[in-house]
Each structure stands twice: as C-alpha cells, then as structure tokens.
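In what follows, chain A forms one complex with chain B and a second complex with chain C.
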Partner chain A sequence: MKMSYKKRIVIFLVSIFFLSVLVFAMSRLAPGDPLVSYYGERAERMSVEEKERAMNRLGLNEPIIVQYGKWIQNAAQGDFGISFKYKQDVLQVIEGRLVNTLILGGVGFLLTFFFALLLGIWCAFYEDKLLDRIICKVGTITSCIPEFWLSLVLILVFSVNLKLLPGSGAYDIGQSDNLASRMQHLILPLIVVIMSHLWYYAYMIRNKLLEEIRQDYVLLARAKGMSAGKIMFGHCVRNIMPAFISIMAISLPHIVEGTYIVEMVFSYPGIGTLSFESAKYHDYNMLMVLCLITGVIVIFGNITGQAISEHIDPRMKEPVRMEEVTDSDGR
Partner chain B sequence: MKKENVLEIHNLSVSFHRAEGETQAVRDVSLSLRQGEVLALVGESGCGKSVLCKSLIRLLPKGADVKSGSIRMEGKELSQLSEKEMCKLRGEGISMIFQDPLTSLNPTMTIGRQIDETVKLHHPSWKKERRKERVLELLKLVGIEEAGKRYDSYPYQFSGGMRQRCVMAIALACNPKILIADEPTTALDVTIQAEILKQLKEIQQKLGTSILFVTHDLGVVAQIADRVAVMYAGKIVEYGMAEEIFYDARHPYTWGLLHALPYYAKERGGLEIIPGFPPHLTPPPAGDAFAIRDQYALRMDYEQMPPFFAVSETHYAATWLLDERAAEARKLIEERKSRNRSIREEGGNKDKYEEKKEQKEQKKEQEDSP
Partner chain C sequence: MTADEKFELVGAGYLDTVPDVHQKENWWKGKPVCSAVILGMIILACVGCRFFMTHDPTYLDLAHYNLAPGGEFWFGTDTMGRDIYSMILYGGRISLFIGALSTVISTGIAVVYGALSGIAPGWLDECMMRFTEILLSIPSILIIIFVQALIGKDSIWAIAVVIGITSWMSIAKIVRTEVRQIRESEYVIASRCMGGSFWHILRVHLLPNFVSSIMFMVVMNIRGAIVAESTLSFLGIGLPIEVISWGSMLSLAEKALMTNSWWVILIPGIFLVVTLMCITNIGNYIRKNVNQKQSNL
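Entry: the complex of A and B
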C-alpha cells in the first residue's frame, strides 16, 4: 500500500529523534575524558578542583537527561554548541568539510551506480559469453579487496613512486577554489570508493536483469519482432528500475561508510575524518552533529528510495479496483 | 483444388545438449501448413510441440539447436536469414501466441503501449494517431469491449482471458500470414476457452491467416482444426484431415488419445487412459517410440522405425500395422475391437460410474422413505 508523505515525514523525524538520544547517551557513557580535547596537554596537569570547575562550566556534570534537554533546546534554535577541540561553533567547523565529503561521496555514489548499471547490462546481455565470465571473475576478486589496502597501494604507486597524483588532502594548500586541484585530489579516493562498491552492485543488477530476461514476456516481445537489444532497454532495464533505485537508496549507508574509511586513509578533510577524531577525543557536540548528519543522509535515502520505487511501479501505486477485474470475460 | 503451402518443414530435428547427453526433442519432423487452414498439432506434454514451434520462429531456448532439416516460408529458407531479417519476419510473416497469458505481457507497461510497440516496429513511418487507431481496431478485433478505455490499462487489471486476447492482438498487429498458437487456451477455464477459440476461428476466416494450433486436447481440435497432426516423442506419427483422424485413425497412439476423450468414454463405458509414460528422449528408443505402451505393438515396432504409410491422399500414419505383412494383425485387432464392443452392448460390464450412480440413487430412495 502507498504511504502518505505525511507518514513518511513522521517516520523520518521519529528516527532522527531516537538516533540523537542514542548517540547522546552512548557518547557520554563511553569511558574517557572530554577535557583532554578542550584543554589538550594541560588537562593532565589540572587539579581535581580545576577539573570539577571546568566540567561545570562546560555543563558536563549535570545528569544526562538534563544535558540532553538543554542540548535539544539549543539545537532547536540552531545552536549546536561549540567544538571542544576547535573551540569554534560546530557548524562552522563542519561546513567546509561537509562540502568535501558530499563531493567525494556524491560523485562516488553516482559514478558507482552509473558504472554498475552499464556493467550489469553488459554482462546480462552477453551472459555466459567469454567477456561476461572474465568480468564476473575479476569483479569478484576486486570486491574482496579491502578499501584501506587498495588505498595504500594506490598511494604507494601513484603518489609515492610515480608522483603523478597527490595522496592526501582535498586540494593544495590555499587552493580550495581551484577546481583542477580538487579534481586531482579526488581521483585516487574516487577510484577506491568506486572499485570497492562497483561489482557488488553490478552483480546485483546483472542478476536482476537475468531474472527479467527469463520472463515469458521477453519471448513474446521477441516473437513480435523486437531485437534483443531493444527488449533489454525497452523492457528489462525499465522493469528493474524500481529495484535499481531501491538498491541505490538502501546502499547509501554502505557507500557513506566506504567514503569515511577512504577519507581517513587519504587524510581527506571531510566529515568522516572529523567523526573519527571527535569520537576519539570526546568532542561531544561535534560528534552529535556529525552522527545526525550521517543519520539524516542514510534515513532520508531509505525513505525516498522507497517512495520513488513505489512511484515508478504502477502495481504499487493504486489498489486494484474490483470493477476492473470482473471484465467482459467474467460475464 | 490443393491450396499452396505457406510453411514447409522438412526432416527437422532439434536437440538439447546437456551434461546428461543429447535430448532429441524434435525428431525428423516434416509438416506443411497450407494457405488459410488451421492445422492442429496434438500430443502429450513433453512430446516436443513447443520446441517445434519455437524452432519455426528461431527462438529456441539456450542449449537447443536445429540439428538438421529445413524450414521454408513461401520458398524462403529461414535458417539463411540474418537475425535482422528474422526480426522483420517475426510479427509480419510469422507470429506466435504462448501458453500462459498471465506472464506473456510485461506487467509494468500498458496494454496499449505493448500493442503499439509492435505496430511501431513494423510501420516505423506511421504517425502516433494512426498507430493508436490501429491499436484500437485490433483490440476490437479480438473482442475487447470499450477499447478506448482499455488502452491505458495495465495487464494486472485484466483477467486471464482478456490478457490472452491482448496477446492475440499483439500477434495479429501486422496481419501475419502464419500464426503459431502454442496451447493458447490451456491456462484458461472452459467457457473462456470456447469463446477465445470462436474468436480465433472468426479472425482466421476474416483475415485468411494460416494457423498452426498446438494443443494436447483433441476436444479443442474438433472445434477449430481443418487438419490434424499427431505428435509423439518428438515425431509426427499420424496426420490427415480432421475427419480422417477422428473417424478413421490408424495409429495406436491416436486411438489412445481418442479413447481418452469424454465423448468416446460414454460410448465405450469409462475413460480409457494410455498406460505408462512417454519415453525418455536421451537417447530415444529404436523403432516406434510408442511400442512399449501399445497393446497392439508388433515385434517390428520395437526394432525399426516405421515409415509413413498412405491411408488416403491426405492421410498418413507411421505404424507397421499398415504394412502389407501385418494384415493378419489388423484382422486380429478388428476382431478384438468388435468383441469388446459386443460385450459392452450386452451390458455385461456396466461401467463403474453408472454403478455408483445407481447405488447413490438407491441410497437416496431409502433415505427419502422414512
């Protein structure tokens, strides 16, 4: 049955709320000293009273529920607190990095699925031919290579040995608006993001298409004189589009996760590296916002994916009306 | 006057190649389809009817290939055509309807568009309005009411019978000379089956299409066919005009099929089934494949493949019973048949169905009288 948009929005908001509670509680219950991130080295030399005062000032001594209440009150007004580490408004720190991540993750995501679709169609069309079999074997091998290892190998080959491409960062220092510089820095991380996800999805698409090709309607379409290629694009690919989009939406967390790992290996200044740091240094406010951003991307992806696939597949759209089932044959 | 052949099949053999070995699904089949006739192809499940049909439009499944033989349509050898030419021929020259109307249509595309697709393929120069006109005309032709409203419906909004009509509309979209109907009514219930058959016959008469009608139901054959070919284990065993097959069948397998008809059951007292199962075709038996299930089989039937014997100018059967040397056996069979008939006429063995019915009636009477 079709879900109303209202219902979807409610589900979305409730999920985000639970996520925020969960992250808030977990970050504070985890062992470790948040003052280290605020005061750095000095925290170790502080006396007990000094620490107590600092904790009070940062509002970290109150019960978690009270802290959460305050946090959500401020958050509602757009104030997500300051980063302990950067001593700046959290949003300010994140802003630039979020763009970097969106570029890497977004382009990686789109390219991954673009190539996955092409590869899937190709392999399904030439099923069991030599090239399909080679691609299947090579694909299976590449999808087993861990991201960090592939990153390291690429850095070693292309930036350390060949000195062709930069192996870290998002742009050369002070060149954040230089498109060419950004592109150069993107190439290696992008290759890793695409390579590590491509076959997984291409294979899914290939199998979906093969399932489709075996359907009887393909035989009828052949019998009416359509060529195999036309049927592939006009019928089969069309029919798997809802499934394809669902797969895309459901894969969002998978690719976000991959992007974060790649960011860390390439020291790419995105929110992946930032999340890792903030968790490590108990930068609570920062961690909260980063988790929420990630959560919003993932949950939003899932819900829209579902909505889109329902929209495309006519069988999902409307309930069957009874008068249409009893037809001229059912006299 | 003898009508000309639109489709000629000569010594066609089709095999599946699998790990277990070669399955000979179609063995040395020769058939011809004449202008404007309905030729019924009858046989049990698995005897190779569908494989034969698919080989005619060169859409055999993976693993199957034509081993030998030729298929000619109006003198053109189909195996020589390129894939592109074949695509053009499908739909325009030969069309096909399949067994299961529930899965034959693309579920995510409107009926109108699926028919339109065919028209567009074969008449690329036609404008949209003209094509739509044609689609509506086709929908009417196959008996779909309110065609205009139905144009934008999806298959799931249709019943099985209507979907099969749509499939027919697709197949007839470009006035093909030959229509292959592979069990088009098997998946439908009896009343709808009869309606669709009537419609098909009407259309056939109106358009003059030659139809190869595949079925395993001789009852359906009686309603629609001009000529009949009986297939068993990949081979044609008997063919002739419909009357010849129904009233003067010569092959024991055809007898078996006929005796399994309800109509004959009444006459003979009880349905008769053919004992046993069709043979495996990996590899097929030597001699007549039906021999092991045949109560009238001769030793010769086990050893050597019988050739076709002419019964009349139009009627042929492949069984050694028709050989001159088997005159003795034929006489015995005739005697046995007439003996059976006379026993039945004496009423010596009432059939079980009637006995049961009588018992029931007696019971009822007992219950009614307090």
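Entry: the complex of A and C
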C-alpha cells in the first residue's frame, strides 16, 4: 500500500520537531559563554550584575524548556532570533549565504549523479574489460581521498602554481553580480564535490546494473536479437531508475556534508562556513537555524525521493537501504 | 547467409578452455595481500616510530624551517622547522589510535543499541530507528562539531570519543535488521525461557550471527574516523597543532600555500590516502560477495 501524502507530511513535521528539540538541547547544554560571542571583549569586563542583566535580557537564564517554548513561538512567526555574533536577524545573515550553498551543493549534486549514471552504465556495459578495471581502480583511489586534502591539492596546483583559478571566496571583491567571476570561483569547489562522491555512487549504479543484466528477461531479449545497447538503455537503465532516485535521496546528507567541508576549505561564503563559525563562537540561534535548514533539506529530499520512486515503481515500498547497495564506502 | 550465421547461438557463454579444477590455486589469489602488507608496514613504522625517526618530531629547528625534501630532512621541514618524515611516523600513531579507539566505541554503542532496538517491541523499535534516522539526516561533520563544543576538550581521547559517539548509527541499523531476523529463532527463545539475560543472549546467540555482516562497516568506520580526525584537526577544531597527527600537520597547509611549499601538503596527505586505500581494500575483501552468475548481456 502506498503511503498517503498526509502521512508523509506528518512524518516530515514530526521529524523536524524532534530535530529541533535535539539541536536546541545540544546547543544549550554546550559549555562556552554566549555572552562573549555577543559582547566580545566587553563581556569579560562586565560586573556580575551587568552580566546577570544581560543574560536576562537575552533570555539565557530561564529553564531550557521555557527557552525552547519561546523559541518555537517566535519561530512560528518567522522570527528566529538575532545572531549573537553578527547582531543581525539570523535569517538576514543566512539569506545571502543560503543561495551560495544551494548553487554549489545543487549543481554539485546534479552533476555528480549525471556523471555517476554515465560512468555506472559505461562500467556495467564493459564489465571486467580493461577499461572497466582501470576505472574501478582509479575510482577506488579517488573515493579514498578526503575532501579537504583534495581541495588543498587543487588550490596548490591551480591557484598557487598555475594561477589559473581563484582559490577562495565566491567572487572577486566588489564583483558579487559578475556572473563570470562567480563561475570562476565555483569551478574548483565543484570539482572537489563531484570528484569525492562520484565513484561512490557510480559504483552503486554499476552494481545495480550488473544485477539487472543477469536477469532472465535480458537473455530473452538477447535471444530475440535485440542489440546489447538497446537492452541496456531501453530496459536495464529504466528498471534501475527507482533505485537510482532512492540512492540520490539517501546520498543527500553526504553531499551536503561534502559541500560544507569544501566551503570551509575554500572559505566560500555559504552555510557550511557559517555553521562552522557559529559552532566555534557558540552562536546558538544561528546554529539552530542552520542545522534545521540542513535537516529540512535532507529529510524533505528523503521523503520526496521515496515518493518519486514509489510513483515510478509501486513495488518499492521498502526504501533502498544504504548498507544494501553500498560497496565502496561504509558510512 | 550461411547456415552458421543463421543459427548464431546467443548467451550460451562458450568456454574456450576447460578449467582445470585440480589446478592448485595460489593462496593469495583475490586476497588484498598488497594492501595488508603496506598497511602492516605503516602501522609497524608508526608504532615503532622511535627506531625509525631521524629527528625529534617536536623540536622546532628554527635554523632549518620550510626546507624542501632532500639530504638531511628526507621529506623536508614544515614552516615551524619540524622534520616532516619524523612527524609522519610519530603522528601516524595518533591518527591510527584515534581511528581504532573511536571504532571500538562506535561499534560498542551500535551493537548494544541495535540489539536493544531489534529485541524491543514494535513501537519502541520504531522510535529508536526514527531517532537514528534523524541523526543520520544531519551531516556528521555538524554533529561532530556540536559534540566537540559540548565536550570542549581537544585531547586525543576526547576527539576519539566524540568521533565514536557520532558514527554508530549505520552499524546500529544493520545490527537491528539482523537481530529482527533471528530473534524469533528457536535457540533464542529457548535461551530466553531458560532465563538468559539480555547480555547473555547478545553475546552467545546474537553477536556470532551478525558479526560477519557488520565487519565491513566496522573496517570502514576506522577509515571514517581517521578522515574525521584529520578533517577536524585541519579545520582547527580537532587536535591542537602541538599534538602531532596527520590532520594537525595538514593544518599548517595555509601557511604552506603562501610559501608554495608543496611537500608540507602533499607528503602527509599521500600517507593518509595510502592508509585509507589499504583499509578500503581490506574492507572490500571482507565485503566481497563475488557474483559468479554469468552476464546475460
């Protein structure tokens, strides 16, 4: 039986609720003085009473449940509080950066899966031929390279030595509307995002396809004289599409994580660098919203992916589990 | 068209030569010998780093800073004047130790949590699995940064614990699935009827059954932990720069980029990647489910 859309929405909301509770509890229990991040140096010179007053004003003294209740109340009205560090509305700070992350992550995500599908089909078609073996070996190597190191090497080669591409930021100073400048700054981070995830998914697709071409209908089609290419694209690839979309949905957290790390290394102004900064400076309001945004994107992606693959193939009641299709990585 | 062409057989998969079943197979066939040997050498060199180091890895040799590889300093020196070759051996010990310790922690949590969830009644099982799914939906680097802030220490133990308690979810899910399948088996029920405790059943009946299916994930967890440690240290929220590990060595990369000293970035990174590759190969060997069926295409 297919899950109704109502049930999906309920699951989505409940997940988001628990996520917010979890994130809220974790961020408030963390040590580190949020006053320091709000007032900077001045916090250390404050007297005890002044500190007390400031804590009261920012609502940091009340019990954690009350704080959470207030936060939820305000959030429902679109007010997520002010960032302690930037002294601005949280949404305002995030607004500009979210677009940057969505561009990098979104383009990276689509390109990764486009190339993964191509590579997967290619390797399955030429299974155990020389080229397939070479690609498998090279792929295993690339999937072992940590993102941050790959970024470093690319910066070292392309921006320090060859001076071809910029190694940090999202655009040249004062050129935020210049599309060419943005594209230039996007190339290296994109390469890292794609390179570090490509083989992982290409290998999954390859294995799914290898299972598929061992099915009996392939033999039948072959016996009737259909060409290998036609069978591959007309039947096999179509048949693994639901699994492909499920893999795409499951992969979201990994690609998001990769994007964040890449952002941090390239100091690309996006959600990743922002969340790293806010964790470092105990900027609670900011951190909560960032985690929630990430969670919403990922959970939404998961549920949509499941819905789409069920729509294509009603037999897919059970979602594809990572561990069943994984072969080259284990997280 | 000749008769032969008309009756072309498809998909029958002729064997050109009859395989000699009695031929003695080489014992290393299909085993990741190369990876195991390289990994063994790296581990050995790191554990016994005292015998292989040519310099004191913590000594800041200000007369020889930022030197290219060669002569006295085999892999060069970093921007603080430390010998990179000695640092790699010395720091590898810490990186590998963190990888091993955090895997032990995460596997321990995963086995207990997964077994509890598998044995628990339906609704509780559902709740526990939802919880892991929510945790899995947050990118692990964010959780690690979070918990790192929570613990607030940057010692080796703290980092290992942080990575350990943030990477158990996927193993727990497998354990749970496996336990679900075998929990109704007669021997488990019999053991329960005879008053076997949770720990007894887990140790004697459940663990031997699912240990092979989580082995691959466990090995991959070592790799994940090493990557996590080096990423954290590189970003400056893991180990401090005085504690030498492969990650904290790479945190000098920014300075190295400015002076274009490639050896500071490339050499420790290559060691890191080679180690990760060996672990992956061994993991894949454990995982290997060779598909013997012939292709129909």
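Please note the rule applied: the second predicted complex is superposed on the first by the 313 of 331 C-alpha atoms of A that agree within 3 Å, B and C clash if a C-alpha of one lies under 4 Å from a C-alpha of the other, contacts with A are read in each partner's own complex, and residues count from 1 in each chain.
Convention: a contact is a pair of C-beta atoms (placed from the backbone, for glycine too) under 8 Å apart; a residue touches a chain by one contact, two chains touch by 3 or more.
Note that this is a predicted model, so its numbers are computed, not measured.
More residues of chain A lie in touch with C than with the remaining chain of the pair chain B and chain C.
Applying the stated contact rule after C-alpha superposition, one finds that A:M264 touches chain C and leaves chain B untouched.
By the touch criterion defined above, A:F148 reaches chain C but does not reach chain B.
Touch criterion met: A:R222 reaches chain B and chain C at once. Of the two partner chains placed around the shared chain by superposition, chain C is the only one that A:C291 touches, whereas chain B remains out of contact. By the touch criterion defined above, A:Y68 lies against neither chain B nor chain C after alignment on the C-alpha atoms of chain A. Within chain A, the residues touching chain B in one complex and chain C in the other are 215-216, 219, 222-223, 225, 321, 327-330. Residues of chain B touching chain A in their complex: 57, 59, 83-84, 87-92, 95-96, 98, 100, 103-109, 117-118, 121-122, 143-145, 153-154, 156-162, 167, 170-171, 173-174, 192, 195. By the touch rule above, chain A contacts chain C in their complex via residues 15, 18-19, 22-23, 26-27, 29-32, 125, 127, 140-141, 143-149, 152-153, 155-156, 160-161, 167, 210-211, 213-216, 218-219, 222-223, 225, 228, 231-232, 253-254, 256-257, 260-261, 264, 275-276, 279-280, 282, 287, 290-291, 294-295, 298-299, 302, 321-323, 327-331.
The touching residues of chain A, counted against chain B in their complex, run 215-217, 219-227, 234-235, 238-239, 313-315, 320-321, 324-330. Of all residues in chain C, those touching chain A in their complex are 10-11, 130-131, 133-142, 145-150, 152, 167, 170, 173-174, 216-217, 219-221, 223-224, 227, 230-231, 234-235, 237, 250, 253, 257, 260, 262, 265-266, 269, 272-273, 276-277, 280-281, 283-284, 287, 291, 293-297.
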